Every structure is written in C-alpha cells, then in structure tokens.
Amino acid sequence: MSTRYVGARIPRNEDPRLLQGHGLFVDDVRLPGMAHMALLRSPHAHARIRRIDTDRARDAPGVLAVYTHADLGALGNPLPKLIPHPSLVHHKTQYALAPDTVRYAGEPVACVVAESRYAAEDAVDLITVDYEPLPVAATLEQAIAPQAPLVHEDIGTNIAARYAQRVGDVEQAFAAAPHRFRERLVIDRGASCPMETRGVVASWDARAGRLDVWDSTQAPIPIRNGLAAMFGLPQQNVRVVAPDVGGGFGPKIMMFYPEEILVPLAAMRLGRPVKWIEDRRENMVATNQEREQIHDAEIAVDADGRILGVRTVFLYDAGAYIPYGLIVPIVASTTLPGPYRIPNYHCEFTAVFTNKTTVSPYRGAGRPHGVFVMERLLDRVARELRVDRTEVRRRNLIQPDQFPYDVGLIYQDNAPLRYDSGNYPACLDRALEIIQYAEWPARQGTSRSQGRYLGLGVACYVEGTGIGPYEGCRITVEPSGKVFVATGVGTQGQGHMTSFAQIAADALGVAPRDVAVYTGDTGLFNWGTGTFASRAATVAGNAVGLAAQAVREKARVVAAKLLEAPAEEIELEGGRVFVRGVPARSLSLGEVALAANPLRFAMPPEWEGPGLEAIRYFTPSQGTFSNGVHACVVEVDPETGMLTILRYVVVHDCGRVINPTILEGQIHGGVAQGLGGVFWEKLAYDAQAQPLSTTFMDYLIPTSAEVPPFEIDHVETPSPLNPLGVKGAGEAGVIPVAAAVAQAVEDALAPFDVRIAEMPLSPNRLRQLIAEVRRTT
Amino acid sequence: MKPAPFEYFAPRSVGEAVHLLAEHGTEAKVLAGGQSLVPLMNMRLARPSVIVDINRIPGLDYITPGPMLRIGALCRQRTAEKSAEVGARCPLLRDALRLVGHTQIRNRGTVGGSIAHADPAAELTAVLAALGGEVMVQGPKGARAIAASDFFVTYLTTSLASDELLTEVRFPAPPPGAGWSWMEIARRHGDFALVGVGAVLALRDGVIAEARIALTGVGPTPVRAQDAERLLVGQAPSEGLWEEAGAAVRASLEPDGDIHASPEYRTHVAAVLTCRALREALTRVREAS
Amino acid sequence: MALREITLRINDREYRGRAETRKTLADFIREDCALTGTHLGCEHGVCGACTILMNGEAVRSCLLFAVQAEGADLRTVEGLADGEHLHPIQQAFWESHALQCGFCTPGFLMTTLAFLRENPHPTDREIREALAGNLCRCTGYQNIVTAVAAAAEANLSQGWKVPEAKEVRREIRAGDSRDRRTQRAGIAKTKKRRTQRR
Amino acid sequence: MKLEGTNTLPASVNTVWKTINDPEALRRCTPGLKELKEVAPDTYEARLEIGVAAVKGAYTGRLAITDKRPPTHYIITLEGSGGPGFMKGQGTVDLEREGDATLVRWVGDIQIGGLIAGVGQRMIGGIGKMLIGQFFKCLEQTLGGAAPAGGGGPRAGGDAAGSGEVG
C-alpha cells in the first residue's frame, strides 16, 4: 500500500467551514422555542444551606422553572464515580445541585430556566439562600493538619487516598549513596480555559421518547450511555453530539458535570429545548482545574552523577470532590522517571480534599509535575557535583538498545509501564545543536557584559500516550465514490478530520478531500471512550487504518467479479479500481460500491454482505511512549522581575508522523500553555478559598506578544505496538516547559544565586527571590 | 454574564445629556466608549438603571491644538493616538495611549471616558496629573474647569457631580525642547500596568528647569511625585540624581497590594521606573537640542 | 422590558429587529440576525473572539449594546469570503494552519482585516502586538503570525480592500440602497423572533 | 484581609464610648449603611449599599456589638449578603485616654465572597481601608461638632459624584 498522504503536510479538511464562520459550536445550536438556563452558585467555599427562597425568582417575568436539589427526584443522588481505584477509599462526587452543604465557591445551588439568558440571570438574582458559613480547608497544608476543617464531615478526614509504588530497594540505595540531595517543589493551580466554555443544549421528543443533546464534551459516547442510564432511556433513544468543540484540554473529558444532567432534565420536564452556555466567570470556578501538588523529593547519585535512587512523597490537591479518581497523581508519579535509568524508585502520594474547585486532568495531567521534579533534581546534582547539566542527563539516559524498557511501575491504564521504543540521546543531541549549546557560555558572557541577564534551560521527558481500552471506526464508500469515516472519539481542534482522512485515503487510493470524517456523534458510531491521554491518533487512527484495509479488500473481492480477474490482481488508485497492469479494465470506486449493493439476484457468498463497508476496532494492550527535549533561552530583568522568552526549541519523537503541520500545531499550542503556567497563569485563592482570578483580566492567558516563535524538529522512532507506528502527541508540548524555564531562569540569575522551586513564577515573585537571596548573603 | 435591565437615552446635545443626568441623579451612568463600564455591567457589578449614551452628540470628538491641547469628550483614544497634533504637542500622551488596552478597545474607548472612570491604574489619569491638566465639565448651572489635582478623589471616583458631564480634557503642552517618557510594567501586552510612570523634563542652561512625574498603580488615585520633582529642579541631570529621585518616590508611596503585585514590589518598581523614565526623558531633551 | 427597533447593515445586507436595550450587539448579531460566526469567549472585552468591524473599525461586539449600533455598518466573519472564494486572509489562515478548534478564529480574521488595512507592511513584532487583543488557546500564535504575514503579501500582490466606513455611512443615510431580497430577509427575521418570544 | 490602625478623636473616652454605641451615630457613620433596625440590645438588622461609583453591592444583614467592656472595649461585627455575594467586617475597638482626647486602636478583618472577590480583588484592599477611614472621619466630625457626612459620605455609599462617563 502506498503512503502518499500519511506523512504529508495536507491542509485541513475542517478549515474552510470554520474560517467562514460556518462552524457549529454548541452555542450556535438554535432550536424553535428554545429556553435558557442560568445557575445560582455558592459564594462560599464551605457552608451549610439553611434555607433557599425561590418564590420571587419563580414569579419573575419570562421564568419557566426554578430547580433546587429538592426538585431533582431520582437525579438527586451523587453524580457517577468515574474511575475507581483500590486505594481510593473515599470516592466523593458532587450533586447536580447541592442538597445541604456547599464545598467550593461556585458549586451549583439552584438553576433557573427562562425565555432568555438575560431573564434567567435576572431571576437568579432574586433567589435568596441562607448560608451558615463553615470553616474552610483552603490549602493542602491546612487540609492535612490535625483538627483541620473537614470538607466531607461524614468521612472524618480530608484524605481521599494514599498510594505508593516502588522499584528496587530504595532505602539501601540511599544509605549506600555518596551523594543525596533533597528538594521541596511546589506547583500551583491553573485552568485549561478553552476559548469555548462548556455548554449543553437538550431537546426532548416525548412522542418518540427521544432525547437529543449537544454537549461541548470530549466524551460524547460515555455521556450518552450515562444519560440513558440516569433517565432510564434505551441508549438508542439518546443521541449526544459533540459538534465543533472550541478546545478541550482535559476538563471536557470530565463526566458528569451538573449541567449535563440539569439541562436534559429541564428539557424533558418543560417539553422545550433548553440551552445552557457557561460564561467565563463560571468557567473559572465551575470547570475542573488542575496542577496543585507539593513534592518532597530526594535523589541519590554516585560520584559521577549516575542515579542510584529517587524518591518523592507528595500531596495532591483533589479539590472538593474526586470524580476522576487518582489518574493525575498516578500519571505524575509514573512520568517522573522519564528517559532516565533509575534502579531504585519510591513514589508515594496523598490525595487531599480542599474547599476548592474539583480537580481532573488538564493537558499534561500530572506529567509536567513529574518532569519538573525529576529535572529539578538533576539540575541540583549538576550544580552540587559541578558537572555540566546536559552531561548529567546524558549519563543517565536509557540507551536505544535497551528497548523495550520496563520501568517497573504500573501506569494509569493499569498495565506495566514499559517504554516501547525511542532514541533519547539523539533527541538531546539535536536539541543542543539547534540551541547552540556549545557556544552558550560565550554568548551568555557577552550579554552579561552588556548588563543583560540571559539564561538557557534544557529538559527531557517521556510521555505515556495512546492507552486503551479501544476505539473503533466504520468506513463506508458511497456510490458517489466519497468515503465516509465515523469514529467514536470527539475532536476539539486536533485535526482528526484530516489526519484520519489521510490514513483512509492511502488505503483506498482516494484523495483526503474525498474522505469525510465524522467524530463525536453517537448517532453515527456507537462505541468509544473519548479523546484523552493523547490517544486519538494512536487508538482511533489505527482503527481507521484497519477498517480502511478491510474495505479495500472488500472492494478487490467485488471488483474481481465485475472485472473478471483474480482479487489479488486488483489495485485501487486515484479513485479507480483496476486490474494490475491493465488500467483500461477499471471501474470507479463508486461504481464498485454501487455494484456491491445489488437490488436483485443472488449475491456471491465471498462478498459476505452488501456494500463497501467495514467496522474495525483497535485495542492496544498498553500505551506507547513518546519523548522529547525542550531547550529555551530566556532573559530576566532583575530590577523588575520581568521574564522574556527569547528562543524555544522542541525536538520531539512521537513515532511515525501522520501530518507534520498538524503535529507542529499541537506542539506550539502545548508549549504556549506550558509557558502560561510558568509565568502568567495562576488561579489565586484567598485564605477563605475565595477564587480571586475569575476573569481574563486576572487569569492571564499569554498573548501573541508574550509567546515566542518556536523552533521544532522531529525524530521518528516508529512504535512497534501498532500498525501505523504512531505515538500520541497532544500533550507533549506542555510537559517539560516548567522544568526547562526554571533551569533557564536560575541560569540567567546565577549571579544572584536564585533557586527556583515553584511554579508559576511572576515578576513579583522573581523580585522577592532576588531580594531574599540578597538579604541572606 | 448578561447586564441587568436599564432605561436607555441617546441625547443629541450636551444640554439634553445634562438634563437627563440631573433628572436621574445617581441612578444614571454616562456611556461614552463603554470599554470599562460595559464589562462591569455584563458582570452585573454595575447596575445603573439609566444609561445616558452621549455617542450621538455631535461635535464632541475634536482635538484642538493650542497652549492647552483640548480633547473633546467623544474623541476616541485611537484617534488621539494617531493625531499629528497630539504627537507633536503632547508625545507623552501619545506614548501612553499606545499602551491603553488594545486597538479594538482604543477604537471605542475615549480619552475623556478613561479620565472620568478614574481607574488609578489607567495611563491617562497619570498623564493628566503629570502635565497638571484639567477637565471641563458641564452641569445644570453651567460649565466649570476642574484641575487634575482636584479631580481624582479615590478609586473610580472623581469630583464630578452626578448631574455634570465631562465635556473636554485639557493637556498643557510641555515647554519646547522638553523631554518625556512613559514607562510601565504590565503582566501582558495591553494589561493594566502594575506600575506606570510618566515623566517630563525641561532643562535651562544645563540644569533642570521643570520636572513632572506621575505614577499609576500605586494608590487610590494617580500619584504626582512632588517630592521627587522638587528634588530635581535646579539640579544638573546625573545618574546619581535619578537615583535620588527614585528614592524620593519610593519614600513617598504607600500602595496597596493585589494578587499580581505586593506593596513592596510596587514601591520598588516605581523607583526603578522613575529612574528609567528620567533617563529616557533626558535623552530626548538632548535629541531635541 | 424596554424594547427598541434596531436597523443595521451586516455584510451589506440590512437587518431589522426589536431587542431589549440591554442586549449586547454580539447577542443581537448571533441570535436576532442568526450570524453565529461571531463568538463569545469572555463577555468582558479581553478575549477578542467577538471582534467585528463597525463602520470599518475593529471593535468588541460584547462591549456594545445593540441599540448603539442603530444605523451602523457591520462586517462579520460571514462577510469575508466571496461566495466559495475564501478571502485572502482566510486563505492564508488555511494554508498556514493558523487555526485548530476555530473558535477564536473569526475574531482574529476581523482584527487582521482592520490591521492590514492600516499597516500593509507589518513586521513580525507589529503583527504580534496587533494580535495581542485576541486570545487563542490552541495554536500558540506562531502559525497565526505566519498567516497574517502571508496575507500581507497577498494584499500587496492582489490589492484587496474592505469598504471604507465613510462610503458605507453615506449609503445608510440614503437609507434606500437595500434591495427587496434584503427587505424580505429583514421582515422574516422580525417574524421569527416574535414567534420565539411568544 | 486584616487591617489595623489608630485614630485620635477630640472627646473624652466616655463621650467617644457613647457615640460608638449610639445607633444614630453608627447609622450615620458606617459607610453605605442605609437602614439600621434594632432587633435586640446591641443587635441590629442592617441594609447596606457598599461600593464605589458604579460598582455597588446591596447587602442585607446584621450589625452586632459584642464583648463589651465599657467604656473602653468592644467588638463590632457587620455582615451582609446580597447579589454580589457576601461581606463580613469585624473590628476590635479599644479606647484609651490621651489628654482630653481619646486614642482609638482598632484591628479589623474584612472577608468578601462571591462576585466582588473574584473580580474586584485589585481594589478591595484599598477600598476597605478607605471605608474605615470614612467611618472615623465621620465620628470625628460628629464629636468635633462638624457637620457629619450623611451615610458615611457620598463616596462610600457609592452614590459618588460622577465617575460616570467611561472610556
């Protein structure tokens, strides 16, 4: 099979629509008679609800309904527990509307449905709630302190889970080690902030008993299955569409958010379509957040800086509820070892409830933490042993001949953490070459003599991607010759309409523009788990490949009969099906599709049914592991603490590349988000766990003026674990950014001997660090 | 995030506008560019029951040169930024305008509106304070001028009476040959500065004849650094002198902190930026001569 | 509830509707005029997704009330392409992979349109500062900057323009430049909204 | 948010004590206080309108005086909730003779929740200080016989003059 398209820079199929404003995002869904929902959210981080008075709201003009927990009936139970884990002893989830206690500022207390969003918000203002404020567990330290206020009184503790994994004999390794270094490393909260907030539209057809839902989600099929179960409907009668989704980045994989139940409920009760669109302020408090962890980490090395052991004991802030289980801290602890040989490793975390917004994976999902800790430890080793920082890394890298490499841990997919392939030294060399590491000391010296403080940083990472359980795909060739691909994953801008089309096009000998890809519509494909963990291209992509192969074989069998030639001599190319070497004896692919679906007469048994169509699934036994190296040059103004990113280099290996343009786009976006979390984006809470950055005026997403140009290069070591040889890339960009920039800032501020042990930074914080060092010396 | 209901008026004359303000008192808000008011209304932090939209009043969008640069209440920030008169007579204002929000904001936002909104982090308030400008206001009892020093009362609050309309802002043009500088530290391009400093320097016979310094982001109003100004006048410019001026600024400030910057940071950076601004202003004096 | 008659032009077509005085221009364009290409990302004037051209200038449509746009001439993303032919800026965005999820894209396109009219030969730094009033969470901006530079090239070679605001204002004042088709569209819109309100 | 300060008031400790326990004086001098209804000794139902300029929040709640040690010490608590969320201010007040004047030492803690906290954080600290300043200014005027500004002065009530036109 030729691969004319896989690997090519094909412009995206989805773009012309989006460029002309013809996309269909949830807020663009307009149905006759549609009503609008607004929610009343708790202003308290922790309070008991004494009384809710909704009378004035019910009487307000244009109001159709007002619901509190008391009105939820059977849906008044805690929302589904998403991912259980044996160590997760207190798997607390929230309610669609709080019954008696609110546990974070922003938790939904009541909702109003009205003729317009304006009227709904007017009515929300008229609801009065009598709260009894309760003591607040605002920070991780507060929450684990003795006598701490309890987020969930009934369980008598704020600790949701404790979990440890180990490799080798860590105590022995540390005891025998000539050098041991300890760091306390803190990463604060951030928000994913897709430009499109969440949104749900639901429409109920009572006669057909049919529920249609448009949901800005990364997991339409699980949402469909859950809704069917909760509302007692046959799955076939519930259709969930994730139309164009304006960015996901993780929090849209969370299910269920309260609104995903409240909107269908209202639509069914009122017999009118209902729309809820999250506004940005809601998005900053009611959409899941991430990143808050505190690591006590220690590394043991020999005299040459070879790693003998690593241990980290860390706190993971779950927020007020923990629907998504332990995925984030498990990913953090299993990403930490990275590309290095670590014979003895101990990781242990405590998942802690606090009175803050619930946490679930956000692009990177714990990976940035693991890499930050590992790379900070290696920087410390380099400094203490006076070994070049890149040399320390090189000495510890897993070598190309050591694959498959078993780290000895269990990964988030409950399978062994076994790296399938890679060439780590090659990536490091290439990155250092591009950033001109050899000339760095000279360049840094020159800039210092001009009074400028430049620093360089380098960080390595390995990313677990493409985990199971499965994804599937149905491919149908229509008599028009057009190819239709339907899969169960949703898409949020990753370009699946193009990369999947490229895969199918190669197999079927058509052009990608003749392949229409449908994602995220449960009416078009019935099985799937969703778009997360950088898995769509790997898992769904390979399912597309398998289905396309099957359709290709079917086309050859059918054409063999029509063209009176053996199937093995039939070729597909340029939209035609012909006998090898005899292009004259040919049919269009559409003609074959038409013939494969006869109206009369017996069908040849070897056709095994009508049409050119196939459904296939790909079920990987384990994940596949991408890797890369980031290198950057930054400048710090020590007087103001301002940081400028001057250069940013990424060398990346995600196996076989389907579309380099799309891949680079994914990396650009990831790095920009990573940079946001390094210097601009911080979710601030006060001592009462009041969120203080609930607008884009205070939560600072970097703009084109802050983000530098990127320099990207690829190394391709195909994965042996799937037919296409691909690995995931969606989260790669964000993962090592904090580690690389931290090292660069320390390098820039070396004359002040500043240490970076936290993220994010800020001008204020950098000034503080410089001043503190000045004071102590 | 939708605004609360309000009654809307679009007067066609200043008189009509003032009449409406007098009639509706503190319940009424004047809408000019709306780039600060409308976000507050969308978030329902501001819920005026009456909006007096002055955008349809003809003849208020002027820029008139003269010893005082006179800018009408409906002159968009973008217009002023691109105006040759502003560039020639008041480059400090032009440079500050370039850092007000983004083009889309300045296309609607007005110079007068920014002054009247009196956000102590807003560049234009400090420019007016530094230059010792004034605003013209129209009330039922007629017109009056209010000096910058009397105009800014505290956060978002001015000495405008509720039945008065700001009709014009007047920026005195610095003496010929004067140098100027606007310096600020903002988290992102286009954000409100954590601290901003505007400075104007004029020299006569090698000594500083006039020095004007005002800061944003360091108090409930724009802050005029008079101690530093006094310290500079009559001295020959030097790095040491800039340091002293910076120290004087540091000593004179008691800013509040927020999630982006502590009082200590603001005070420190105010001093740093003052030095830098004076340095740049002097370079411009020398370029001019 | 204070309702106002509003008549304005969008992409050279006239739209008439009745809206509450508090209704933002962005909501009027999306709901009453059914042009959903203009998006709302923050509703407080930071993200720029709602950027449109009003009388030729880039503005945030979430920071204007529909009543303020009475008689104004607007251009939205739907008014860029010429039938099936993408506008050179759209073409450049497509070829440079300057969009991923596409939600912020209409705002970037409209900002770019106004920017390149004012500054046809921008440097990369100028482009980055001109785009700083629009947030994108997917692309990291690099390909958008490339696209704007490419569009500037195309502009030089093909010399495309947007109608100058003043001409348009004259048309509006004349008030009679609309053809029957758009009149019907206007009336249809009004009817539809009434039935929705009930 | 913790705040503290001292003010000297031109009257004897006893007079000051009377004034700061006088509902009328409290009503007049507490910034933004629109209504004060005594529901029990030292406990009042309060209606407040707090903010600056266009940014106003209407709250209903209570004002209470506790931990009384006449004539030198009490704790005054003002809490309310409303559209923009909730606010709670608590001040410990101690009086001390200073010649024929009285030194007032106060330590205050202000909590703000909901909309204002999330959006207005940039100005809350400064505005809090400002409002407390107005409270004492008003007391001073009351005791010094100068005409007190009604409702804690126009600025506090947010019915502040102007700041209307917005750029």
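All chains are identified by letter, namely A, B, C and D, in their written order; residue positions are counted from 1 within each chain.
As a convention for this text, a contact is a pair of C-beta atoms (placed from the backbone, for glycine too) under 8 Å apart; a residue touches a chain by one contact, two chains touch by 3 or more.
Model, not experiment: these values are computed from the prediction.
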| item | value |
| --- | --- |
| Chains touching both chain A and chain C, listed by label | B |
| Gap in Å, rounded to a whole number, between the CA centres of chain D and chain A | 48 |
| Gap in Å, rounded to a whole number, between the CA centres of chain C and chain B | 30 |
| Chain D residues counted as touching two or more neighbouring chains | 83, 115, 119, 121-122 |
| Residue numbers of chain C (touch at least two other chains) | 1, 20, 22, 43-44, 129, 132-133 |
| Multi-partner residues of chain B (each touching 2 or more other chains) | 1-5, 31, 34-35, 43-44, 188-190, 192, 259-260 |
| Graph class of chain-chain contacts, one of line, ring, star, complete, other | other |
| Contacting chain pairs - touch in the sense defined above | A-B, A-C, A-D, B-C, B-D |
| Residues of chain C defined as touching chain B within the complex | 1-2, 4, 20-22, 24, 27, 43-45, 48, 51, 57-60, 62-65, 67-68, 111, 114-115, 129-130, 132-133 |
| Interfacial residue positions of chain B with respect to chain C in the complex | 1-8, 10, 31, 34-35, 38-39, 41-43, 51, 53, 55, 78, 101-105, 107-108, 188-190 |
| Of chain D, residues touching chain B in the complex | 52-56, 83-84, 115-116, 119-123, 125-127, 129-130, 155, 159-167 |
| Touching residues (chain side chain C, partner chain A) in the complex | 1, 20, 22-23, 30-31, 34-44, 46-47, 49, 76-78, 80-81, 86, 90, 93-95, 97, 99-106, 109, 124, 127-129, 131-145, 195-198 |
| Chain D-facing residues of chain A, complex | 43-45, 105, 125, 131, 281, 284-285, 684, 686, 688, 690-695, 697-698 |
